[in-house]
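One structure is given here, and the rest of the page talks about it.
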């Protein structure tokens, strides 16, 4: 096998991305745990890991840029490096979402604990599951597993919409619970974002492994309808597989 | 204007060496088609079959058909006639060393009996302009010999010489492999401009070059054509694993 | 610690070796120069001697008069000069086309064939045949059937002697034309014969001409073949069918004669012969060189 150094560099890139993925996944788990047990020391852990995640994002992007410039990668190698760059960005956002949740937990610490009509732990576990599965598909280069992740996003989105409805109702009818409700709402939004990022990661895995662009699959039908009616922007592109 | 080239069931031998095995492809007109593959895969042999240059080797043999436009080049024409319609640029620039720049460009015409002075002047000028060499040599056309130019200029001179006989197809066998990056870029820009008038087939071992200039690319391996598709597809998502192994450098 | 000492030792050894190498270099260079001098020395000596002995006998009469009858002084070698020119012209007409044609065949069309190998072998053998044998052959083939000596016979003898040299040199020069140049011509749709003549031969022309000049210079000084063919002539003659005077022949006859006068003429003749050969070669070089372009290889 030729280009041994290049192959090694690709392996190193993958490994570093997985380390970062591990940090991001861990951050989400910790943030959710902090919410569950209201433990501020765990929030500190999340804040600290944020620094590491940001630094890794820069390093991975730099390594990927070097490989593009120096090695003229082609076909699957090119797709791989492109995916790494995109997944890199999504993982950093996942880290941001974790921090956002832990910041909310800090704020909620000064508030009384109340019962709210949302099942944040369940939503959190769904989102975390999506992240885990998308990273698993990356480790194993499994496009089918990745495609499976795409379907899980609907559940999370639905839960978010339901939470929005329920919590706004709470804020309207029981205004003394507004601060807690608002925070819960923000946490739900962060979790919904985590689900979106996991979806992106899965789409990038499919692109890498199969060369197929499966992004924005949900919006194809919506775009088609909107175009027919004449309200969609002209540049909306349908997904290509 | 260029014409398409249709290759069917082409087999070639050098003595007992079965150099090309059952090649089938259609090269589109007025486009650049790149042929890539490792050393010894047969891509140069293939290209030399198109203008019947492989026949200059006494132990060469060919079966199958190649049609250029409507013409079956093995049944309906002699090698000399074909080579007047299919021009060739070689790997190392090979201008005629004892001839001036003007005579080099006009060589194909003069040696075939063409002698109208004024037309020759026009054709020489047009060919040199088409190969982006005119400005650099227009003052010394008849005083400087072809061999006194730099490598990149010599290659452009060879291109002008090939264009002067007004071929329909231009075959280029690794035309920039002996040149520096600047000259290479000039040749690639040239290919881009020439596409509109000629059908170009370029053999290259430089995949980035194939990616830069050609619409379609064919991958040759061990005398067979493994994959022939749009350049975009070959370099982003090839269908055949052997193609992928070659272009990612995992070969061998 | 002996490290420092060992380093010095090595350094000294290097210095010594370098000095020895320098010495060897100077010795070798001196030997080379000496060899060159030894080679040039005879040449220079001959020229100088010729000039010393012959220049004094050169006058206008030498170039305009035929030899004086025995016993009389004066006279010249005008007829020999003209005769040599005639013989060389005939020889060239025979030798150059046949030689070049043979060379072209050997290099371009007959490569590898048995016929080409036979021709090449024959040429090499002919090259080694003593010139007097050539003369005898021409005598047997032309003089005897015609029953008289002639300039034609002399020219033929000389021409045949030119052929092997020109043939082999032409072949060598043609083979030196890079394959790429031939391919370029063929790629343009030029038929093979045209490519050979207009491109390959033209590219090798400088070398081919040199080959012809070498052959020319060699036969210009040949005497033996002319003894039985051209025979020599005391009077003006430019008739192909009559014996003709030639410089080398004349020099030979005069040198062997017992007359001082004729000895002096022989010296002058030798000088003129060499000078004329040099002149002819230079002239050809100049004429063919005028067409060479800036930077052509």
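We just call them A, B and C in the order they show up, numbering each chain from 1.
The criterion applied here is as follows: a residue touches a chain if its C-beta (ideal position, glycine included) is under 8 Å from a C-beta of that chain, and two chains touch if they have at least 3 such contacts.
All of these numbers come straight from a predicted model, not from anything done at the bench.
Traced through touching neighbours, the fewest hops from chain B to chain C number 1. Relative to the whole-protein C-alpha centroid, the nearest chain centroid is that of B.
One finds 46 Å separating the Cα centroids of chain B and chain C. Per-chain Cα centroids separate chain A from chain B by 51 Å. Averaged C-alpha coordinates give centres for chain A and chain C that are 91 Å from one another.
Not a single residue in chain A touches at least two other chains. Within the complex formed with chain C, the chain B residues making contact are 51, 53, 56, 80-85, 87-88, 90, 92, 94-100, 107-108, 111-112, 143-145, 147-148, 158, 161-162, 165. Looking at the complex, you find that chain C touches chain B at residues 178, 180-181, 183-191, 194-195, 198-199, 202-203, 205, 292-297. By the touch rule above, chain B contacts chain A in their complex via residues 207-208, 235-238, 244, 247-252. Considering their complex, residues 1-3, 6-7, 72-79, 211 of chain A touch chain B.
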